[in-house]
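Going by the order they are written in, the chains are A, B, C and D; count residues from 1 in each one.
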Amino acid sequence: MEEMNLHLTGDFHAVTAANNLIAALVDNHIYQGNQLSIGPDDVTWKRVLDVNDRTLRNIVTGLGGKINGLPRETGFDITAASEIMAILGLATDVQDLRMRLGRTLVGYDRHRQPVTADAIGAAGSAAVLLKDALSPNLLQTLEGTPAVVHTGPFANIAHGNSSIVGDYVGIRSGDYLITEAGFGADIGAEKFFNIKCRASGLAPDAAVVVTTVRSMKYHSGNQEIKAGLPLPESLLEENPDDVTEGAANLRRHIGIVRRHGVVPVVSINAFPTDHASEHDVIAKVAESEGVRWAITQPHTEGGPGMIDLARAVEDATAEGSNFTLLYPDDMPLRDKIETIASEVYGAGAVKFDAAADRQLKRYERLGWGHLPICMAKTQSSLTDNASVLGAPEGWTLRIREVQASVGAGFILPLAGLINRMPGLGATPAAHGVDIDHDGNVVGLS
Amino acid sequence: MEEMNLHLTGDFHAVTAANNLIAALVDNHIYQGNQLSIGPDDVTWKRVLDVNDRTLRNIVTGLGGKINGLPRETGFDITAASEIMAILGLATDVQDLRMRLGRTLVGYDRHRQPVTADAIGAAGSAAVLLKDALSPNLLQTLEGTPAVVHTGPFANIAHGNSSIVGDYVGIRSGDYLITEAGFGADIGAEKFFNIKCRASGLAPDAAVVVTTVRSMKYHSGNQEIKAGLPLPESLLEENPDDVTEGAANLRRHIGIVRRHGVVPVVSINAFPTDHASEHDVIAKVAESEGVRWAITQPHTEGGPGMIDLARAVEDATAEGSNFTLLYPDDMPLRDKIETIASEVYGAGAVKFDAAADRQLKRYERLGWGHLPICMAKTQSSLTDNASVLGAPEGWTLRIREVQASVGAGFILPLAGLINRMPGLGATPAAHGVDIDHDGNVVGLS
Amino acid sequence: MEEMNLHLTGDFHAVTAANNLIAALVDNHIYQGNQLSIGPDDVTWKRVLDVNDRTLRNIVTGLGGKINGLPRETGFDITAASEIMAILGLATDVQDLRMRLGRTLVGYDRHRQPVTADAIGAAGSAAVLLKDALSPNLLQTLEGTPAVVHTGPFANIAHGNSSIVGDYVGIRSGDYLITEAGFGADIGAEKFFNIKCRASGLAPDAAVVVTTVRSMKYHSGNQEIKAGLPLPESLLEENPDDVTEGAANLRRHIGIVRRHGVVPVVSINAFPTDHASEHDVIAKVAESEGVRWAITQPHTEGGPGMIDLARAVEDATAEGSNFTLLYPDDMPLRDKIETIASEVYGAGAVKFDAAADRQLKRYERLGWGHLPICMAKTQSSLTDNASVLGAPEGWTLRIREVQASVGAGFILPLAGLINRMPGLGATPAAHGVDIDHDGNVVGLS
Amino acid sequence: MEEMNLHLTGDFHAVTAANNLIAALVDNHIYQGNQLSIGPDDVTWKRVLDVNDRTLRNIVTGLGGKINGLPRETGFDITAASEIMAILGLATDVQDLRMRLGRTLVGYDRHRQPVTADAIGAAGSAAVLLKDALSPNLLQTLEGTPAVVHTGPFANIAHGNSSIVGDYVGIRSGDYLITEAGFGADIGAEKFFNIKCRASGLAPDAAVVVTTVRSMKYHSGNQEIKAGLPLPESLLEENPDDVTEGAANLRRHIGIVRRHGVVPVVSINAFPTDHASEHDVIAKVAESEGVRWAITQPHTEGGPGMIDLARAVEDATAEGSNFTLLYPDDMPLRDKIETIASEVYGAGAVKFDAAADRQLKRYERLGWGHLPICMAKTQSSLTDNASVLGAPEGWTLRIREVQASVGAGFILPLAGLINRMPGLGATPAAHGVDIDHDGNVVGLS
């Protein structure tokens, strides 16, 4: 893992380089006469670095007089939040990569018309910088099975899945391709289905919904679990009733998969501290939904601990999926958002802030109404409030703002405040990492 | 070449990542209580990116209130100007790399005491990020001979040579190791001898001084050559007299090599437009200095065009060098600078601006007086004025400011204004780079 | 009027000078060693200028390296929004002025303890700059009656009344002192009673509630009136029904005065376009509330047009007021806010945002709990939503943030976004102002 | 004096208000569509405040997004450094004031054409704000003689004299008008003659050159006098030889006055610690130059201590001056500067930095070549190096930059670094100023 978290694939470096080359070309365009009349306050493209650095969130560039460019308020995001990362993940080949880069929005001119990466002559060179990074990286697991590792877009402000090209390679290289889809079914699967599959043309044969005894108990609302604190001991006590109470959440995730015409399989990720009675509850929930299930023990057993699940998935794929997108391309953006809210999240209504309303209208007018929706919502709840558990209905989803990732090819409604550049903690992990006297790396796990 | 200029070696990405991790840890230290009392205006460490971006030269970071860190004036340099690049080039092994990173100066505390990368817990993780980049990259030439390509520190604000580790690998892998040393003998060779050889413990057996008919004519002062304009036609006319008039400059470069006890060899880099009479003049200058010479034609002839030079170098190495450093470690910094000025540049005196004087005293007091000097001077003249030709004597070198690259291990007097972050031109090369319909790269040469 | 709007009284210049001297001393304290450890992001004191200048709202100061101070995010407010203006209006004498300046909050130290103007040695010199400005300015009206003109604090972020010292002078100089209290009874009178009278020790004998036929019609909700557009013609048509429908708002204002034990008198400010039937409606509303009323015509008739009102006020004062503060000093801040919300605005509940809640707790802890409340709320509605008409009940007042004007002596809950620095329009009034060929001023009215 | 240093005349407040109104209108012009295409980096007009505040020297305004204007690097000067102050001092009447304001340069458009205060519609309203401030203030001395106090432009970056309108009033109100002209004859008198007299049309009948025993000894170069340290005791010992050695400086100042055709009178400003033998030396120097002299004791004797000087001046005016400007309007700017350098300062040559050269050419091209020169040079030496004493010849004056005060009506070459915004010290005078328990001001002298 150590290597993978450093430079191994080079994807992150290439994305950083391409992203920042575009930024330099935007500012250089403004500096060199600004033929497109891009207002300094109208540049939407930001720079990225692959380091947690809160002080780069809000900066002023171009200081030091005319010779150093025009002053401008901007900032850095973390590399995974770059639209380039999403583009790399959604491009189907190098031509498609080039096309997506070309149409990428970098700002607006004084007439509020969009300025693209192509308009400032940045897309070609960015594509060249990314060409090699478009090839997936083939690794192997400890058991010798092949694993394609490729791209890492954020699942909150992007679609959060590994690359389409990686899937193309994988699906041609074996009998089954297993790919992961970020968070829960409301975030990960919904985006996988409606953004990634829409772009790739591939359709899933089955979908595994992973759950644990703990998460079921958590969703009962009877447990006090707080980020940063150790799990309460009570969580480990045998308590099948709490598992039952938390089942509504699991049923909803199953339902989201079914809504897209895909056959779900429940994976009960077992812990040594689980009780058999608790597994039984989950199994019964699955059965009551008419869904296959299996108990898995990957951490303690490795591959053999996954055999049951593999068989259940094999069966499920044989059943035959009938994959359906949640909404067609030509549905208005507002309706698409409301469809996701009601059919996936269980919301009763959507409230659009004035800015969001204005932006949606502008994006429709600019011809981006056909794009799918990539919702920026907390992954900790089916609602937009991270502390709400279970599977509530009738609540109101609030959309504060809507951004346009035209290159990646989706519209991004913000249902909450999204931080695109994390900060380091009081004791950053980096403090523990070093090279010892024998030249070995210590402190990475 | 295309690949090499993009991501091939990964060195630049690793340097960028390590450099910016240190920067993030400095700012995080200040944010998290600032136990070392580092003043926001006393951070000397800057960030880097490998893109020409003038608007990043002077920036204000940490805006947006307390939660986003303390406001601070800072900027980005280009990656090649990072002290990390110089450290990577001068480290003799991974332990030495770790040690140099640890002692690297990142700023001062409120008592004007230095704060190092180790003090803020950044050196270990930076070393881990650089570990793989410390291994040289082995390529081969079109003729199949091996070439080690490794690190690219600026020759103006760093020592400008490829890595010591690369030399260690190269010297054990063949009969002769040929390595390049930036600009002319005043900049490239002087730093190679007194910084790189001092650090590596290696001693050169001979040194090739490359010259051309054109450069000799240019130094005669009889030719009007201006950057950005085509060369004047008169430069191509047969004119051995001008070559003779420009000889003083060549003689000085030969003398600089000799001053270090190394046997020089003059390489006359021939152009098809040269005249034999002009080559004769250079050959006679070399002979009058008692120096071997050869005419080379690498561009038109490849390896065979270099055979004469190779034989001359072979002879020279047989003669036996008596390598001597220009100054000992324990000479005071001021005297070291004056020694370089008088014995290498031919200056009559050195004038230290008040700031430079103050800094030199402080660096001595802080225990950095034993470090060698890395002069930041124009490469276009033996003097500090880029438009002065020939080999003038008795002029005064002006030192405006002195910086301390404690990690790399040298003191950096600035004899002129040095731009560490270039800008793009009105028609940046990036505009011409693209991927064509067949997926091939176009526009890179 | 022209003169009064320029420099006449000098109050604004003195406030500007004193305010900015304090700011300079805060930054100088930080620069000169910062003995109190004031964080650059913890300075609450801003600078002011008496000009509409949006580009000064958010600025970064202290750029240009260490010699020019520490970089800091701050901004300018308009002079009327300076806490100094409120202090000048509420000071009872020069000693009280000095005391209020001394306790004025300028920021927090690293332990989140308040730093006052006295702590940085700024209050004495600020008091000296303000000493002369504390003396009211005596002007006379066109009819020769004396008028005291003194101080102009904003009525949204301050208490919005002319000075206490001015009232002291006025009340000793004639039989009756008439003073104005900003906007409506919810903003102007409530602050006059609970802030200014609390500080001055004076009690009003009667209060005139000014109304117009137009405003009554507006509050009926049957008229479309928009800022920036001409009034609709329908507003001028005879329509006593609309006047009746808008009466609830007037009744509420009468009630607010009565709640403080003061005898109200309704002044019907007559326009030539009014209809007698409409005046009748208002008169009847007043009578049904048991309140004296008079029709006034100051614009067309001058003093004589006010005689009826003067007599009504004379009668009212004879009746004898029983002035009561709305809440005692020792009521907790949160309760004070809720009391104003329910008893003055007619709100059903108050919702405190998390920040507001935290701030109120801190202010209580810092010993500022005894201060009165100065609500920053829109003057266009009894609610916190400028477009809500009439006299609604049961709504929820939202408090976003709470600031502490410790020197002026009030706590400032923000019920909405308050702009402390206006901007100029596309055609600023200044464009029309000039000196003509005879040296006369033109363009001021 | 106390009052005069605070708000008395109101001039400073009016200048501050007018200056900053212009600034607001410039930024508003850019915000409201920027019809004149003023580049944010091409605004030359700065804001002013009448407080020492180093953190306002370099700021960025317009932050906070588009709604708060365009980000721009700018800063505040101290009010005395405002070009408005110089305009107020040089205007001959209200029409002239209006004209000068109108032509004042506020920046450049994208074609590098000048943008004036008139072009952005700011001059009329600025003139109205300044109208009253154009009237001089009449005070009286402790002995009852009238004194006109009016305007205070800096003598380093402006002409440093009180107002022309004040002189017009004074000269019509008595037999003799005495006015002061800043620093020494090289700065004060030269600017008085060539800028103020050129504008006013008035000619002086005589000029008093004030000297002291101390300053003569100082210019001998035999005394160690350092700013911030107490004067050395040796300065007070009887030492006529040192006075003699310092005489060259006095002779030069006398010569500067004579060069303009004006009759000089030497005033020996006596201190109780002076020795008669020292006064004798000065008197003899004056006589050897054929110049009247008198010993004055204003501090200890008041008016009577000035009688001798008054008589000498009376005699001098009877002699009859033949006032001549140093250079005509139509001399090129470069020649004017060289004329002042050689004929007033005694320089042998002038070196123009590249920027200065470029600016002078542009100003000639823009039609400002007819303006007089206002040199920004140290007042501590006849040369541009504050530590050079006596009356040196043959040195080289260096002009770094040239600014254009088109409204005031002069070209401003910078012969050194000029600080337009002072900072407060570690113990600012403001710390000692306060109001005592009786309401009296303490700490002002």
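Criterion: contacts are C-beta pairs under 8 Å (C-beta built on N, C-alpha and C of every residue); 3 or more make two chains touch, one makes a residue touch a chain.
Computed from a predicted model, the values in this text were never measured in an experiment.
**Student:** Hey, what chains does subunit C share as contacts with subunit D?
**Tutor:** Both-contact set = empty.
**Student:** Taking the mean of the C-alpha atoms as each chain's centre, how many Å separate subunit B from subunit C?
**Tutor:** 66
**Student:** If you average the CA atoms of subunit A and of subunit C, how far apart do the two points sit, in angstrom?
**Tutor:** Chain centroid spacing, subunit A to subunit C, equals 50 Å.
**Student:** Please work out the Cα centroid separation of subunit A and subunit B, and write it as a whole number of Å.
**Tutor:** Going by mean C-alpha positions, subunit A sits 44 Å from subunit B.
**Student:** Could you list the positions in subunit C whose residues touch two or more of the other chains?
**Tutor:** 60, 63-64, 70, 72-73
**Student:** Is the chain-to-chain touch network here best called a line, a ring, a star, complete, or other?
**Tutor:** ring
**Student:** If two chains touch, include that pair; go through all of them.
**Tutor:** A-B, A-D, B-C, C-D
**Student:** For a test of understanding, state which residues of subunit D touch subunit C in their complex under the given definition.
**Tutor:** Touch residues, subunit D against subunit C: 6-7, 10, 13-14, 16-17, 20-21, 23-25, 27-28, 31-33, 47, 49-64, 67-70, 72-73, 93-95, 98, 121-125, 127-129, 131-132, 423-426, 428, 430-435, 437, 439, 441, 443-444.
**Student:** State the interface residues of subunit C toward subunit B in the complex, per the touch definition above.
**Tutor:** For subunit C paired with subunit B, touching residues are 39-42, 60, 63-66, 70-73.
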